[in-house]
Structures are given as structure tokens and as C-alpha cells.
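First chain A sits with chain B, and in the next complex the same chain sits with chain C.
Our next item is the complex of A and B:
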């Protein structure tokens, strides 16, 4: 390319501004987590004085976060890529129901897992095709899918709860390799893979480019449509995995499962620093977002407080997180614009 | 690679002074005075002692490179920023607008480069946006339309219907709506930030007539432009900014030699400095375009580009030149005709890029850059897959390659991990060009490569384009600035109303001839209504 050699390395500040922003936000979320635990200790000092209970409660929180966490990883990709997926809860339901029909169960655990993952991915793919090639707005397409997929799930299950009789599936939730629930291991693996995929692969780079400036991505030769389609398929895949996790936890599946998962996943991604307009977001932040929510749920559960109050607090946290983010974003852009 | 430093030489291009029918230096009142104005942002001293004096009824030009502080200055006047020090006097009173509304009420209106109109509202609604005439909360649409009509007549464009949606107006029409908005506030000072950047040649003439009409009514205008010839034509006095400081105030716009203006902006004396032309190489063509057509945009375009050749397309905005370029690149689907690169058909952007085509589109920010992403990721946007191993990106490899390219392009700052947003327009353009340098591009399509790029960075870009051609890259270039096309290209194509009407080696055609071809049958004011396809 050139015979010119680079001059001696100038002192550089590698991405400090952005790095700081992400680290700050994650630290903030860790702060919130600590705060929630402190509130737990204050309100229930007797429980927290028992180390075994503390450890088990901690693992419970993680386990509660596992299925929604997996869904949130997929959602984070979709949002960074400039879309939104309102159908995740419904996809979990259809994948869960489909994989627990008597016919599917007759193929054993492998058949059930395969079915859940394929159903999830295919439904996501349908979303993706409608959005990328049918030029539907993702909000509309996935809204329609949300309704349709739940309808189909109800149709397949005959509105009945389908009990899983497969012990391998049912044992997933109770197995604890190295003392940590398998569901938490699954979440950890998905988060790790998601992080690598976003930050270290061409797929991740394309995701940021497509979400940040689709026209620039297109003119740089990136196949924006195909990538958009793949993002929704990825989200569907995550839903399929989550369906198995939930089925295992409940040893059953039904059309109403994973209710409002779309809202929890979007909220977790947003408070984790993912820009709703696309082009920016982090997997780690999204994970912290999920953990904050499941810790709140846990806090309310151990205090025997009603879920209504819990929902109000959740709403408040979403608003507060976005407000703080906007404030910081504004001061940042002001600084950069001059 | 040859020495990338641009050859600096003086080049005086002072157009003939226009007839002296301007009001002259009569006893005009000073309406605005800035003394030692300072504005700092964390880490940056954006304004560092600005002096400015604007009189009623004059066109005061602000000149300065990108990053000289012009934008900060006008935003301070507009109430977006607040000065940290110094004094601003407006109509004899100390002036410190708390917000843009306050500045508007005080009579200072600003027309930004990116027009801040609402596309889905109509002309009247846009003109009165934020101070709608309403009774009991119901907008008085007829009254607004009537007032808008009056204002539009004042601007010399009574033919624009107040009820047209702004979306349906071409760029020139939108600008008139912006000015109507300024007048709807009874502005006594209108600040225009590069108003001609979005306009074609004859539309600039209209703009100037409007400005003259405004100044005749005693309205002062602060006019920002990178085009010196415009400043000579419309300006009364010039204030030059450099690094947030006034380096020269109140120079006569028409008579100050170009060399003086440029040297005060840059500390060097350059304007259009083109590297010497190499002899054209006779080779079999790299790009062959045959019979390419798109309905309503251009028809039956035939052209070739040889390796190492620079071909320039001259034409007005709306002549179909940008559309032609985008269609060759595959970003628009052709209705008829073929594009062949090295004997292979090109269809679609993905294939075009893989076959070695690259494009720097007209709208840098919206079509080419990820503003919040670091420089190196923007540079490798078309090639990161090539760096990657088994789908895993190679960030350090990309950084190294980007640094090499940054040196080649004299990118400032050279730190490739900085977000592109923090760069000046010229350096952002270098990033876009650098993207294709990295990608071993054989044919580079450049759409308005120097729009919004300051004089110094321009010369560097010209050098870069020549260096590319010297390496055998074919270049197809579109520019509104005829001297640029003539100075850069080996061969010139002239486009008018969607057709290539003339082709000539650059040394056999001059600016006057090109303008003559371009303007013959040129768009008149009616075209503002019809609206050119965007």
C-alpha cells in the first residue's frame, strides 16, 4: 500500500471517552445492585445472617435472571442493529409449546431442544424477512408476530398447560455443576458468546454499522438486508434457548409463558446502555440490567410485597436510568460539538 | 507513494470586481459588536478573543477554516451557547440571550447549514413554527398562509404556495422557507451558515438577489461561505477567524487580494492548488458504462474511465450527476444499460465493492460515516472482513493499517481511535477516501469530495486524488465547482438535465465554456415549484 513508515507512536488516548462512559454506566449498575442488596440486608437482617441462605438466594437471583438474560442478549443485538423485537415473549411461548407437544416429546430431550431452537430461529427469521425484504418497520412486524405467535401457541396447546415428562429436560433446572445451577451456566455461556460475537467478530462490526448508519453500511458494501434478517433470526434463536430453560424450570410449557418478556428485555438492554436508535450498546450492560430487575423481584419476594408495587418500582428505575443516560449523552454531545 | 505534502504556491484568482452599485461605506449604524468574546468548552478554547462589527444593511462575511470557531460564534449569537467572556452589544444594549428563542425575539435569526425545517409541515407552518398565530389554541391557518405569502413575496418568491409541504420543495426552496421563518420573526440580523453549499449555480444567483433585497431593507446579514468568489460577489466586509481569534476585521470584501484572505485563514497562501497533470495513459478502459438510464433522473449515459485516469463530471445539482454516480456504484437500480468493470458486469453495491469499486458519497455524515465510532473502524468499514480471520475481527491489524493510511492522508488528529465526530469536515472526508485506499480499490467514485472542506484540506485532498490516479486507480468525480473539475480531471463530461451533452479533454475546455454548456436552458425559478427528484 505504501512505502512510508509510520512515525514514532504518538501518545494516544485509546477510546477513553467511550470506554469511560460504558465503564461508568456498568459501575453505576453495580452500585444499584449493591444498594438493592443493602436494602435487603436492612429489611431482612435475620435472613442475611445465614450464610447458606445468602448463597442460595444469590443463586436464585441468577437463576431467575437466566432465561430472560438469554432473551436480552438477542434483543440487545437487534436494538444495536437498529431494530426492535416485540415478539420475543411470544416466540419463547411458541417454541416452548411446540417442543412440549406429545409428538415432540416422543423424540426425547434432543428432539425437544432441537424443536425449540428451530422454531425460535424460524419465527425470528420470518420477522427478519418481513422487516428486511418486506420493508416493514420492525415495530409493526414484530408486534404482529407477537399477537400471531401467541395465538398459534394457544392453538397448538389447546390453551392447556403441557407437562414435560422428559426427565432430562426437567433436570436441566435442578442440575448444579460445580454448585452453580446449569441454567446460570447457560446464561454465562450465552453472554460470553454474545460479547465475543458483538466485540470480536465481523458479525458484531456489521451490527454496529447497520444500526449506526445503514446507508453508510450499504455504501460500504455491507449487505444490510441480509444482516438485519440474521439479527432477528439470532433473537429468535435466543428465544428458543430460553424456551427450553423456562420449560425445564416449570416442567411444563403453555401459551402464556414468558409473558411481557419483550418489555423486560428491552428495558434491561436500555438501562444497560443500549441506544434505542441503534448503533451502540453493550452485552455486559444488558446483563447488569437483567440482574437489577431480578434482584428487585427477589427483594420484593423475600419481603412478601405485592408485585404491583414491584412493577411501579421497575418502571421508575427504567425512567431514572434513561434520564441519567440522556443527561450524560447530552453533556457529551455538547462537549463534542463546539 | 510520492511525497504527500501538497505543493504550496500562490494562486490569485480575483474575479473582476462587480459594478460598484452597492451602498458603499455610508453612515450605517453598527448593530452588532463583539469585543474579545471568549467561549471555552472542556479542553477546547473554541473562541479566544473574537472581534466583530456588523452594520445595518451590510453583508458581513465570516471567513475561516473548519474549526476556526465560526460555528461556535454563530451559535453564541443564536443563544445556543453562552459566551464566557468579552462583550456583545446588540442595538446598543449588552446582549446575552438565554436561549435561541430569546435571540429570535431580539431580532437575530440563524439559518443553519443543515436546514432545521420540519419536512411534513407545510411552508406556512414552518415559517411560523414556534410562534404560531393561534386563537384559543386553534391555529389560524388562513392568516398564517396570508402572512407567509407576504413574506415570500418580499423574498421574491411569491410563486411558492404556503400550503406546500416542505418535503416537496427542492433545497433552494427549503432555504427560502428558512429565510421566511427568519423574516416572520422580524429579524434585523440574519446569520447564514454556508447557504450556498446546498445550491446549484443559478440558485446561488437567486439567493444573492434575495440577500440584496434584505439588505436594502436595512437588515444585516452575516454570511459564512468557503467560496471566495461568492464573498467577492455578495459581501461588503470580511472578518477572518483563525483558531477562535479574529485575525483580520472589516476588510473590504471585493478588493482584498485572495492571497491576503487565505494567508490570514491558514497562515499560508493557497486556494485552488492542483498538482501538475500527468500525461493521460492510453489503456483499455477500466470502467465502461453503456446506455445507463434511470427514469426521471438521467438517460442513455455512456462513459469510460481508464486505469489511472481522472474523469470529471460537471453539472448543476439536479442534472442527474449524483444519481448517475450512485447507479454506477449499484446503489440505485438502473432501468436500462450496463456497467462493466474490468470486463465484468457490476450489479449491486456488494458486488461493486468486491470487484474493486469505492464511493465517497455526497452526504458524508448521513451516507458514509459512523460518527460515534472511532476513525479506524470507519476506515475499515468496507474491508474489515478482509482483515478478519475466521469471522473474528483483527482490531490491532485494522488500527495499524488505518494509521498508515492516516499518515498518507495527513489526517489530523492522527489518533485513529478518536470518534469521527470530533474531526473537521476535511478530515472526515479523508477518512471516507481512506476507506477505499485500504480496500485496494481500482475505481473510486467521488461525489462532491470537497464540499464543506476548508481551503487547506482541499489542496491535500487534490493531492491524494492525484496520488491515487498515479497508482493506477481510476477516478470518476462529480463537483459543483467547475474549476475543481477542470483542475483535477484529465477528461471532462458535462451533464445537463440528465444527459451527458459534452465530453472533452480538460485542457481543451475552460470554465466559461463549461458554465455555458451547463447553464444553457438552465433551471429557472419555476423549477423550485416542480422540485427536482432528490
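Our next item is the complex of A and C:
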């Protein structure tokens, strides 16, 4: 929001500062990642002394971050655009369940992937229509969708765990082109496309404008309603992709899958420097946010520490990240005012 | 203008087509609702002979898990097997408060007996008391009410016993293989639940008898995807393992997927609950899953039978007592390749 009110006489300078700000934050997150790994090396030197294990460990961290990472990319777009999507976990569940019914499975892997992606996108689109044209607050609309979509998923699955018997789908999780898990490749592609979309297209510029100041965006000729709708559809699309990834990992889908993904995705986006009020955020930062969580899970696992403590540390990191962000943001605003 | 409308027609048509296709894709036949019944053959069991009409009220939490779904299915199927039973199920809603309200409505309808699996025994204790005070005997299924006055019969599984059974199986196997210092992993379900803590405690105690302990413990959430995540973390933490106990066969689908994805096979795994998929896999003996310890939803069938006996004032024919006993705790049984056939019909 503040960037919108930046003094017009120096249009390039704040842009430079903003860039530095992002780089700085990402460097900070890389620092946190390195710190977590160093803690791992110190606490478990026997494991880290085996190079094969170390390589596997990094790939595991990336692989466990892949599905939630894809969801986070969509979430980052929604938040930058000034909204919030609480229904992502539920959309993953409905897309996963819908694509693993016996009827869908009879169409083969292509049918399952098609179904997951279409269901995810359509549910996201419904969110978008309700928010953009029904004038519902995104928090309320997606909260309603979170409950409703899980309900529908439970209805379709008959409350059972639906096992995927399709070997092509199940193999996605175990295939490793060039030694790197396919799931990690998918994450990389989605992150890359997300980065290009946000930073190199008018769609991305409009997203930032709509989130920063919707009224100004409207006056500048942006179709704010349609854009908002598309952002939620994009988030739904990401959920559809994640549903296939998760189904392949668990070789099954059920209504309770992807539990609390919404919170993990929002937290990762926020840690990555996305402003909850919209108008600012980066895809790379969000990716680092996801990786920080995945690395913490890994660190706690190899040290056999209870998950309660892990959740407390996660919470602490979220608060710390936002606090640091706020202070730096304030000092930046002061700098601009001067 | 015309180009635009043509495009709209194209997109509209595609959307309708995709919608029709997707709607067709929600079909899930054949329905897998494996049910088990108690002995309802009147010629073999005089208690099964049609008698006084009994109205049985039933309430269980909305199923979000195969086990709970099996509980409701079993209760329904068992009631349907008796010509003298009228089955009245009420939706328990989504939490303890909703179930309390549902029970009040049910009590007002004055059924002869109520079978209730509460969200939480402590939170629904008052609902049990309310029904009992209204003169309706309550069959408390699985999650125990703390007040003795809140139920007529309590029938439940043995969580602690499950842990013991799993621990003993692993202990014996290790002894047979002469492994002195085995590395044992554990994947429990939702860790904050009392049932999970009881299972883990039983497991710990049983292992301690052999001088063993759990090397790493990664809780999941009773879902396959959380099981996959927990197992992946556990396998990464223990590059070599001898045995693994996974508390729940539903989340076990994900655990087994993770094991396959990491190409590990140097250990064996014990499951929990006794799902149909798990029993089939144990029988086929083609994965690391070698056994599972039961926590059978068949107890719902038994609960309906007990409710009917109580409604008709009968006792259990194999016992001397003229009335149904007050507490029944199912034994947790260990299913292995050798007895998998016998248990196949109990799998859910």
C-alpha cells in the first residue's frame, strides 16, 4: 500500500529499495535454512557423515514440501491480490476424492488428472464468483467453502479411504527423472510459472495493483472483479495439481486429507514476505517459507523430538518473521517520508 | 460480436460437457460396506428367536474415517437382521454439543434402549445420565463414560491391549531372530487423544519386557496422507530399522506407500485396527506388513445384539446370569498370515 503513495518524483528509487528488501528477506530465509541444517549436523553427526543419506535427506525435504508448495504458490497470488483462501485444504480433498472414485479411476491416469484439475479450478472459480460478484468477504466465502467442500468430499467417498489402483498415478511419487523426484520437478515448474506470471506478465502487475489498492486499480482500467475471480480459480487450479501429487504419495485419497493445509500455506506465504493485506509478496519467498517448515519437520524427526515442540517452534518462527518484517517495513516507510 | 458469442457457446458447451462427465465420476459402486453380524440364526441360538419388539436409538459421530463408518454400517446391518428391532439413528452432528442435543431429541422419542458412541466420553457423560434417568438403558460403545450411572452396559475395545499385543509380537519376532538391540519405530495416530496415549503406553510396557525401546516416534493423523508424511520422516531418521508399529491401518495405506517409495524392506511392520486391506495384504505376504492387532468395529454389531437382549430382558445364553453383564472389553487379537483367513470377514 505504501508503495502506491510513494513520491512520484523518484519513481525508480523506491523500486530499487523494494527489490533490495525482497533479496534481503530471501537471504534471511536462506540463513534460517542453513542454520536449521547446521543444527541437524551438530545434533546428528553420524547421519550427516554419510553423503548418500545427506543427498537423500535434501531430496526428502524437497519432496515433502512439494504438494504444500504448489498450494502455497496459489495462496500467494490470492493474498497479494488482497484476498485469503481458507478452503485450499478442502479443495485438495474434494479434488483428490473426486479423482479417485471407482468411476473416475476407470478412465485411467489421464481422466484422474483431468478430473482433479477441473474440480480444483471449478471450486476455486465458485469461490471467486462469490467473492467478486457476490461481494462476500473472501474470509467468509472460503470459510464456507472449506466446510462445504469437505462435506461433499465425505459424501462422495462415503467416508472411506479411496485407494488408487492406478499405477501411473501411484508411480508419480516414486519416479525420479535425473535422480530428482518427479514431485520436486512439478514443484519447480509451478514455482517457475508462478514467478513468471507474477513478475513478467500484466496479470501479475494487475494482481499487485488490485491487492495494493483496488479502487485505484479500477480507476486505472483494471477489471478488478474479473481479476479477483481469476485469482481464486488459479488457487483452485494449484490445489487440483497438489491433489494429484498427494494422492500419488499416499496412493489414496479421503475427505480428511490435506488437513490444515490452509494454515501451512498462509504461514509459508507470510514468512516469505507476503503482506496479508495484499499488494506485496514474492513467490520465491513463499517457496523458502515452505522449505523452512519442511526442514523443521525433518530436523525434529531425525532427533526424535515430539511434534508438540515442533508446532511451538513453527508458531515462534511465524511471529518472528512477521515482527522482523514489520520493523523493517516501518523503517522503510520512514525512509521514504524523509 | 458473433465471434464472441461463438466463443461463449464453445466455452459454455465445454463447461456443460465437463460438468456432465464429472458428475458421472462421483459414482463409487460397488459399495464396500463389509458388515459383520452376530449369530441371528434362531435354530442355533434361542436368544435370536423373534420376541418382544425393541426400539433401539443409535448415535455415533459423523464418520470421517473407515473405522467409524464401519461402526455405523455394522450397527445398521445388525439391527436389520432382527425382525423385532426398530432402528432409529440420529445424526450426531459435528461435535459433542451437537451430539448432546441429538441425544436429548432421541430421549424424548422414548426408545427402549439407546446405543451411543460418544464424541468424547467425558463430554457426553451428562447425556448418558439424562437417558438413564429417563429410564432408557444406555449401551456405551467404545468411548467410556466416567460415571457408572451413565450406562447400563459398556462395550469397548482395548487400546492399551493393542499396544501390548503389538509390542509382544515384535518382541517375540526379535527374540526368534536373535536381534539383541533392535531399532523400533512407531507411528501413532493423533497424539493428543487418550486412546493414542494408551496404545503407546501398552506398546512401551510390552517392549520393556524384552528390554527394548522405541527409537523414533512420528505421530500421524489417522489419514493416509499424514501417514505417508510421518513414515517418510521416520524412514529418513532411521536409515536402518528392525520393526515398525503403525497404530492404524487406514493411515497405514500411506505408511506402506512411503515404504515402497523409499525402497525399504529390511524391517517388518505391524498394523493396527484390522482393516480389510491390511488383512488381505498380510495374507498375500508381499509387503513388509506381517501382522495387525485388532480394534474391531464388529463391537457395534455386538452392541445392537446386547441392546436387543436388554430391551427384551434376556441374558447372554452362555452365561449363568439372567441379565447382560455391565462391562465388556474386547480382546485385541493379533492377525498374522496364519489366521488371516479366519479374520477376513471382520475386516472393515
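To be clear about the criterion, the second predicted complex is superposed on the first by the 323 of 338 C-alpha atoms of A that agree within 3 Å, B and C clash if a C-alpha of one lies under 4 Å from a C-alpha of the other, contacts with A are read in each partner's own complex, and residues count from 1 in each chain.
Methods note: contacts are C-beta pairs under 8 Å (C-beta built on N, C-alpha and C of every residue); 3 or more make two chains touch, one makes a residue touch a chain.
Just so we're clear, the structure is a prediction, and the values are computed from it rather than from any experiment.
> Tell me which partner A:64 touches in the superposition: chain B (first), chain C (second), both or neither.
A:64 sits against chain C, while chain B stays out of touch.
> In the overlay, answer first, second, both or neither for which of chain B and chain C A:217 touches.
first
> For A:55, decide between first (touching chain B), second (touching chain C), both and neither.
neither
> Touching A:201 in the superposition: chain B (first), chain C (second), both, neither?
Only chain B is touched by A:201; chain C is not.
> Name the chain, either chain B or chain C, that contacts more residues of chain A.
For chain A, the partner with the higher number of touched residues is C.
> Mind working out whether A:279 is in touch with chain B, chain C, both or neither, as first, second, both or neither?
The first partner, chain B, only.
> Applying the document's definition of touch, where does A:209 land relative to chain B and chain C: first, second, both, or neither?
After superposing on A, A:209 lies in contact with chain B but is clear of chain C.
> Would you mind listing the overlap between the chain B footprint and the chain C footprint on chain A?
After superposing on chain A, no chain A residue contacts both chain B and chain C.
> Any idea which chain B residues touch chain A in the complex?
Those in contact with chain A are residues 1, 4, 41-44, 46, 71-72, 329, 331, 349-350, 352-354, 359, 361, 366-374, 377, 381-382, 384-385, 388, 391-393, 400-401, 403-405, 407-408, 414-415, 417, 419, 421-422, 435, 437-438, 440.
> Give the list of chain A residues in touch with chain B in this complex.
Within the complex, chain A touches chain B at residues 1-4, 6-7, 10, 12-15, 17-18, 200-205, 208-209, 212-213, 215-223, 279-280, 334-336, 338.
> In the complex formed with chain A, which residues of chain C make contact?
So the residues of chain C in touch with chain A come to 18, 22, 24-33, 62-66, 68-69, 191, 215-219, 221-229, 232-234, 236-237, 239, 250, 253-254, 256-258, 260-261, 277.
> Inside the complex, what are the residues of chain A that reach chain C?
Residue list for chain A touching chain C: 47, 50, 53, 56-57, 60, 63-64, 98-99, 101-104, 107, 111, 115, 118-119, 154, 156-163, 170, 173-174, 246, 249-259, 297-298, 301-304, 306-308.
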